[in-house]
Structures are given as C-alpha cells and as structure tokens.
Amino acid sequence: MKRAFPILAVLTAVLLSYALYQALEVAPTEATMGDVQRIFYYHVPSAWTAFLLFLTNFVASVVYLIRRNTKADIVALVSAEVGVVFCTVVLVTGPIWARPVWGIWWTWDLRLTLTLVLWLIYVSYLMLRRFSSSGQTPLMAAVLAVFGALDVPLVYFSIWYFRTQHPSPVIGGGGSLDPRMGRVLLINWAAFLCFAVLVCWSRYRVERLQREVEETQALEGLLESRGAR
Amino acid sequence: MTTSSLTRATLAKDLRLEWRSKDAINSMLFFALLVVVIFSFSFNPTAEESRQIAGGLVWVAFLFAAVVALNQTWARELRNQVLDAYRVSPAPANSLFLAKAFGNFIFVAVLEALMTPLFIVFYNLRALGPTWQLPVVAALGTWALVVNGTFFAAMSIRTRSREIMLPLLLFPISIPAVLAMVEATSAILSGEYSARPWIALLATYDVVFTTGCLLLFETVLDAE
Amino acid sequence: MPPASHTESAANVAPIVVVTDLIKQFGRFAALRGVSASFDAGRLYAILGDNGAGKTTLLRSLAGLTRPNRGTVSMLGTSDLRSVCHQVGYMAHPSLLYDEMSGMENLRYFARLYSIEDNERCASVIRAVALDPELARPVGQYSQGMRQRMSLARALLNDPKILLLDEPFSNVDVRSAREMVGLLAKMRDAGKTIFVVTHQAALLEGAADEFVWMEAGKIVSRTSSLQPVEAR
Amino acid sequence: MTTSSLTRATLAKDLRLEWRSKDAINSMLFFALLVVVIFSFSFNPTAEESRQIAGGLVWVAFLFAAVVALNQTWARELRNQVLDAYRVSPAPANSLFLAKAFGNFIFVAVLEALMTPLFIVFYNLRALGPTWQLPVVAALGTWALVVNGTFFAAMSIRTRSREIMLPLLLFPISIPAVLAMVEATSAILSGEYSARPWIALLATYDVVFTTGCLLLFETVLDAE
Amino acid sequence: MPPASHTESAANVAPIVVVTDLIKQFGRFAALRGVSASFDAGRLYAILGDNGAGKTTLLRSLAGLTRPNRGTVSMLGTSDLRSVCHQVGYMAHPSLLYDEMSGMENLRYFARLYSIEDNERCASVIRAVALDPELARPVGQYSQGMRQRMSLARALLNDPKILLLDEPFSNVDVRSAREMVGLLAKMRDAGKTIFVVTHQAALLEGAADEFVWMEAGKIVSRTSSLQPVEAR
C-alpha cells in the first residue's frame, strides 16, 4: 500500500501533462466556438469527477451510519471536500465558457441549476462539520449527507418541470461528438480521476494521523492534566 | 404509552408554554407584517403584475417567518438541559420530533391564516385557477418547510452560532420545495397552467423527508 | 467488594452496574481515562473527588447521555442502556425542569414520558422531597434549593432501580440535606442501587456503603468508610 | 472609563464571540448567497415585474438578516445571567446599548454588502438615479431597523406579561422608516423622482429614535 | 452586636451596611418581610437559613439588583447604591460568565467595566482561586466547581470593600472550599466586609465573625458561634 502512493503520484503527473497536451494541441478546433471550446476538456471531466466524489460521500455516510466506522467518516469528509473543489471548477469554467458563447454568464438551465444546488448542499455539509462543536460531528454530517442525497432527484425533477415551463434561451452541446474529441475527453477524465484519488488519499492520511495524535494527546494529558491546579 | 399519545402530551405542553410567553408567535407576526407592508409600499399593484409575483411574495414571507420560529423550537428544551430528561426517559425520540414539527406547523399555519387576508387585500388577489387547491398547496408546503426545519434546528443546536446555522442547512435542501410551492401558487392564481405536477412534487417531497426525518431523528437526538 | 458467594437473591449475585475501561475524550482532553469498576445492587455509593475529576462525566455515561469513546457500560445485565432506561433515574446539576411551569405541571409531563398516568404519584414524590404539590409558582421562581429538590423529585418519579444523583445536596439547607440522606438510605434498604456524586461526603457518612474516589479521570480507591482517605 | 471606550470593549467582545474565526464571514457569505438564490427561485429575475419591485425585495432580504441578528442580541447576556454582572458594575447602561446596536449594525451591514452584488448580478439591476445615495439610504435605513430592534429586544427580555404588546408597539413605530427606505431606494433605482425628502425623513427618524433609546435604555435595563 | 464604641478607625465607627425594614414582594408572596439590620466593616458574616428563607433576595437587594418594595438599603453611608457599586463585589448562583470565552477573556472583559486596564490583575485573581490563567478552554466546558471558582474570581476582580457571595462553596471540593475560606478570612483581615450565604456553615466555623440566621423572610437571630443554634 505504502508503495502504491508514489506510483499513483507519478502516474497522475504523467497523465495530467499528457492530457494537457492532448487538449491543447491534438484535439481539433471546434468549428463555431473556436479555441474557447477547449475549456470543455476541463469542464466536463471536473463535473463527472465531482459527481463521483459526491456519490462516494453518500455511500461512506451510509456506511458510517450503520457501522459507526471512523474510516468511513474520514472518507466521507475528504470526498466532500475534494468534490466541492471540482464542483467549483465546473461552476467557474461554465460561466467563462458561457460568456463568449451564449453572451450571458448564467441562466437557470437544468444542468446549471442542478450543479449549483449540489454545490450549495455540499458546502452546507462542510459548514456543518466546521461549526459542529460536539464529538458527534461525524454523525450529524452523515445524516446531512443522506438528506442531501435524497434531495438531488427532487431538485432534478423540479428544475426539469421549471425549465419546460419557462424554456431558457440557448442550450449548447447536444448533437454528436467528434470521436477525436471524445478520446481526448476520456484521457482528461482519467487524469482528473487519478488526481482526485491522489488528493483524497493524502487528505485521508493526514486526517487519520491528526485524529490519532489528538487521541494520544488526550489520554496522556500532554497539554494539561487537570483544570484546577 | 404510544407514540401518538406522547406526541399529544408534548404538543399540549409546548402550546401551553407558548401561549403563556408568546415568544415565537410575536416575532413571527411582526416580521410577517413588516414584509407585507414593505411590499405594498414598494410595489403599486396593478392586478395583472401582482398575480404573477404574489406566489413568490407569499412564500418568501412564510419561509423567513418560519425560520424565525424554527430557531426557537429547541431553545426551551435547552434551558436547564431539559432535553436530557427526555433522553434518559423511555419515550421514543420520534414522538418528540412529531410534537415539535406539529407545533411549528400550527404556528406557521396560524401565521399564514393571519397574513393571507392581508395579502389578498393589499394585492387585490383573486385566483383564476381552481381555488380549492390553494389550501392543499399551503398545507403541503408548510409541512415541507416545517418538517425539515424542525430536524435541522435539532442539528443546529449542537453547533456554534446556531441561529445562522439553521438557514444554512435548511435552504439548500428546501430548494425543490420552495420552487414547487411558488410555482403551484402562481399556477393557481394565474390559472394559466395546471398546478397538479407541482402538487405531486410537493407531496413526494413531504413523504420522502418525513420518512427520512423519522428514521434519523433518534440518531440526531442521541448525539450529545 | 463483597464476595460473589453472597446468595441472597439472584439479582444480587451479579453486579448490577459494570463499566470496563471507559474512556471519554473531549477534543484534546480526556475526562475519563480508563475507568473499570463493578457495583452491586442494593448499595449506596458515594462518588467523591476534586473538581474536574470526571464524576459528572462518569454519571452521564452511566445514564447513557454521553457516549464513551472506548469501553463499555452495562447496567442490569445489558449494555443496551436504552432498554433499561425506565429503571434508571438521573438528576443533574441543571434542574432538567421547565422554568415556566409549576412543579406539579412539570412532573405530570415527565410522568407521561414514563407512561405513568397517575397524578397521585407525582404529588407523592413532591411530598417526599418536602415540597408542596399545590405550589402554583413556576419553577423558575423557586429558590435554588427548592429547585434542587424538585429536580430530585423528577429523578424519583419512575421509581427507578438505579439512581444517579449529581450533587443532590448542593444548595440544600442542612436539615433538608439530612432528610434527603435519610430518604436515600431508606430507598437503598428497599433494594435500590444509588450513586451520589457529592462534595459533602460527611453527610453520607454512615449512610453510604462505599466511597469511590476519583482523580483525573480514574477511580483511585474504594473505601467503606470516610476516615482513611480524608486524612490524606 | 468613558462610555465610548466601554462601548468599544463590549463591541469587541461580541464581535470576537461571533467571529472566533473566519468561519463566521464564510457562513455569512454563504447565507447571503442562499438568500439571493431563494429569491431568484421565487421571483424569476428575468421577469420585468421582479425588477420593478427590486427595491422592496432587497429590503425584505435585509430585514430578514436583521431579524436573525436581533433575535440573538440579548440571548448571550441572559445565559448565566451575565447581564447581572453588567448591572452591578459601574459601567453606564448606554455603552451596552450602543455596543449591541453597533454590533447588529455591523452584522447586517456586512450581509448587505455581500448580498448587494449578488442581487445586482441576478436581477441585472442598474440605478438610473444618483448611485452614491444608495449607501447613504442603506446605512440610515439599517440603523433605523437596528436601533429600535435592539431596544425592543431588550424590553422583551424584561417584561413577561406585556409581551403581546411588543409587535404591536414596534410595528407602527417602524412604518415611517420602512416607507422611507423603500421609497428612497425605488427613487434612486428608477431615477424618476428625488430621494432627498425620503433621506431627510430617514435621518430625522434615526436621530429621534436614537435619542429616545439612549434616554430610556437605563430604565429598561434596571427593571428586573 | 459589638458596641459602637469600638474606635479603631473612622470607617469602623459607623456600620458599613444598614438595611431598614426591607420588604420584597413577588406577586402574592413576600420573600423579605421586614429585614432590619446593620453590619460593621471588616467582618465576615455568614448568612444561613432554610431554602426559600430569602437569603438570595436579601443579597440581591444589597447588590442593587432587586428593588425592594419598602425599606431602604444603605451601603458605605449612602443609599444611592449605584454610586458605590465599584466598591461592591457580587457572586451569584449562576456563573455570570460567558460560556463561550475562556476564563481569562471573561475577566479581561469584566475588568474593563471597572476601568481596570491591568491584565496582571486578572491573572492574579484567577490564581487566587487556584485556577490556571492560561487555561484556554471556554468556561462552558469547565466542570461545575471550576466554574464556581471562576465566578468568585470575577467578584474579586475590582478589589471590592464589600463582598456579597451567594453559596460560593456549593459544588466545590472540600479541599478547595477550605482554601476559599482561608482566602476570605485573609481578605476580612485586610479590612473587607464579607457576606457569605451558604448551607455549609461548618466550613465557616472559626472564620466567620457572626452567623446571621434567616427564616421566612426575616432575620431571626445573630450569633457569634455556630453551636447554640445548630442544636435546635
């Protein structure tokens, strides 16, 4: 296991640079949108990675609720953290792309809104973890994660209705994808996924170490043994 | 003793105490009145425009008033740590939850009953769609706000700066419900399209989250 | 500890409360650092120790209000504390009462939590702690000592087998405290197991069967009389 | 020690408690975002009508933030009866009042500063009148909300039975301020008429009620 | 009462605290029913009595927190209590501390209310009650007894001439309570006037100059030693 970490690190570095090269040089320039379209290779893999991480968070939270297993809690925490980062990337690259292509920064389109709501839910999840003062933070967080997951399909349907009633201006994409673009997209996704796993893994190790240190400090009374002298 | 009779006992106790002190209802009422007045000042309603926006207006007022009430839900149980007395007793957690949720439902419903005539007068509202659907939407929507609100209020009492924590937890999860409430109300008021899909969505939301709350409340209550 | 060959009744053979290796951590500070002990039924235990020794934390763990990080608590033969909670009474530092309701109203409400429909029971526990069940004043306007007694009344409401009392005598006047001790001794004689955390150990001299001394999150000694250790 | 330095000490204490870390500012930012998002779900920002009532919308959002803040103003002083420690000390009552009012003002002002850009983006707002007047109106209006709110919140913790009067009391008193805020904002946004008379009214209101509160607060504090 | 011809210093000639005919009514119930007494400077008074006797109400009237319905309180020669409040220290049942701040932060804030700029003063009163000024934990996480001491530290902060303490020893462990009594006695010897409401009168035996017994809202007797009345 210990050996696997540096191997993964090297693999990620290689994949990322290869993917960058592919995205900027190899992939064909899109006919109507031009070079701006290359943001696509970051936009879409980020979205997929974020969704995958949120799914991981949900599974880990359920496991925690059933087993009360610290490892599951740490997995839930780090996947939410990294997921929010990738989701933010989507929310930033999207408008950057939208401005030149659609002429507006934002529209209440289904996919956009869903992404925004997901981001809101998981930011509130992280806030709860931050603010929770009790020793039961993991429990509360797991409960909130389950609620968030229950909410996602409902959000999807509500916005779907909403949109059919008030159709929004322009929706790009659709149509068929050039197979060369598809290949580059997959390479980028693989690279992002490796990167996400790498970050999660190191966060996981740090978090576990921190908790162990805290426990030993408490038991040995390293800081101070008693309040009253 | 069954859950339902315990729920009734707790609810009766809460209503009695609230009736004596009138904490929550006062701040809610005040807030809601101000909202109505602000809107009536800021917007010279011609009937057509007001009807399009009234659904949103009414529900935003209710949502925020509900947050004010929900924030106080557990305050009484925290003073003198009475909650611990509940936790050491064999009474099921869910009957406490239901009592609190029903209590909040009653508060918010009373508030709505008081404010609706005001809105109708100020905005000269008249439903062009099927009017009988309005109370259904109101009941389903209020329950949607209240059931999650009660639950998250119970979670936020375990956190620092709990007053601001409640909206932070509640709003993201409530987005589909708010959307459904607003759209259903607008649909009924304007009569342009059917409110049924929105009502179905609200009902689904209520069922899903009521189940979720009942399943998980014990866990939240027993966290210290 | 009495030898296990103490065959009065089946209940008395096995210890009624067993804690093993309890650890409770608050952030970077451990309030309990490995408490192991077993307690027999029908005895009155006084739990003593300096401020911050972890007495309250131990009592809360027994009541199931605090989940220890490690270790187990078993009461009445089971470690599912929830299933035996109707046999346990708990009294805390704070009153655990609604300030806005009168004593009787409070108890009537708590009685329903224990499925007790009988109002006479509420009145009788109030009388047992020397208060007046008719007192209409809300508990928030009681004097400190009256509130303390009403809180004890709440803990006695369900006629528990195991009583966990956190400083029941603080703020109570001397005469009433003696009466309370008498009440507790009588209850012990009726077969209840009682844990009393207190700083007024002298009050319990003669009444308590065993004094449990805690220090820095551990039980450091258990003695059957007060003298030897108080002299330290 | 002078009133002002004591006010500063109390204010610093409150701010420290509120803002132990950057958490608070993060949570306020998030809160502001949520409010704006909820508003845009309730009032479709692309609709022309929403933009017309934007002045009212913004003030409702601000009012909500203010209510969240005001509700907890005195809660901290009541726990463990810390207020008694203040009352036995030689510190003047008004410095406590000013500290609380400033604290609330800062809280609400920060939220306003965070929410305004969001509103501008989502509702595509652009002032047609003199823009520089907007912050003036915001500051005066916020102070009007906050100074009375702080005072009445203090009253409500002291009086038990007369509480039912509170909203009824505060409500008529606040109407001129609310009217002035909304009208001034609409005037500036639409550029159709001058906001000056409204600003003057707001300023007068602020002066009158600040004076009134300062004169009467000691009485309120010392009532048991 | 000692004769007034007790001419040590000018301050000692006139009584430092005089209450005349104090009546305090809560609705239909009178907590104080005509209390008249005078207390001399530089003495330690223990105020004893059953729960609900009116001790806390009396102390709050002296502190100016409760306005009596009838009668007057005069301290340090004036009945405008507000004007002498910087010479009075008051410790209550509740801690009067912010749970969210550490002990030192609390005291630093209260020091400013008394125009004390000196942080060393705060640290020294914390040390005087045997706590650690460096303790970063918020007061809400202190154990009950630690909180009680911190509360005493707050009352001592402004180095008051008159100290009003409401049950300072409750929840404090025996050893520390003895230390506290020692501290109070030392302060009395330094010329301070101290009123201690307590139910643990035995702790003050030897230290208190006078025991003031209250019953049902009245002072029923004042004795210089504990024995004669405790035997009743």
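For reference, chains read A, B, C, D and E in written order, and residue numbers begin at 1 within each chain.
Criterion: a residue touches a chain if its C-beta (ideal position, glycine included) is under 8 Å from a C-beta of that chain, and two chains touch if they have at least 3 such contacts.
Keep in mind that what you see is a predicted model, and the values were worked out from it rather than measured.
Enquirer: Following contacts chain by chain, what is the lowest number of steps it takes to reach chain D starting at chain C?
Expert: Shortest path length, in steps: 2.
Enquirer: What's the chain with its C-alpha centre farthest out from chain E?
Expert: When every chain centre is compared against chain E, the largest gap points to A.
Enquirer: Please work out the Cα centroid separation of chain A and chain C, and write it as a whole number of Å.
Expert: Computed from C-alpha means, the inter-chain centre distance equals 49 Å.
Enquirer: CA centre of chain B versus CA centre of chain C: separation in Å?
Expert: Chain centres of chain B and chain C, defined by C-alpha means, are spaced 40 Å apart.
Enquirer: Any idea how many Å lie between the Cα centroids of chain A and chain D?
Expert: 37
Enquirer: Tell me, which residues of chain B touch at least two other chains?
Expert: Residues 21, 160-161, 165, 168, 171-172, 175, 179, 224.
Enquirer: Name the residues of chain C that each touch 2 or more other chains.
Expert: Counting only residues that touch two or more other chains, chain C contributes 26, 29, 50-53, 67.
Enquirer: Among the residues of chain A, which are close enough to touch at least two other chains?
Expert: In chain A, 120, 123-124, 127, 131, 135-136, 224, 227-228 touch at least two other chains.
Enquirer: Sort out for me which residues of chain E touch chain D in the complex.
Expert: Residues 63-67, 82, 85-86, 88, 90, 92, 94-101, 105, 109-110, 112-115, 154, 158 of chain E touch chain D in their complex.
Enquirer: Provide the residue numbers of chain B that touch chain C in the complex, in ascending order.
Expert: Those residues of chain B that touch chain C are 1, 5-6, 9-10, 13, 16-17, 20-21, 76, 79-82, 84-91, 222, 224.
Enquirer: Which part of chain D faces chain A closely enough to touch in the complex?
Expert: 23, 26-27, 30, 33-34, 37, 40, 44, 121-122
Enquirer: For chain D, which residues count as touching chain B in their complex?
Expert: Touching chain B from chain D are residues 18, 20, 23-24, 27-28, 30-31, 34-35, 37-39, 41-43, 47, 49-50, 52-53, 55-57, 59-60, 63-64, 67-68, 71-72, 156, 160, 163-164, 166-167, 170-171, 174-175, 178-179, 182-183, 185-186.
Enquirer: Using the touch definition up top, name the residues of chain E that touch chain C in the complex.
Expert: Counting only chain E, the residues touching chain C are 26, 29, 49-53, 56, 93, 137, 141-146, 148-149, 167, 170-177, 199-201, 230.
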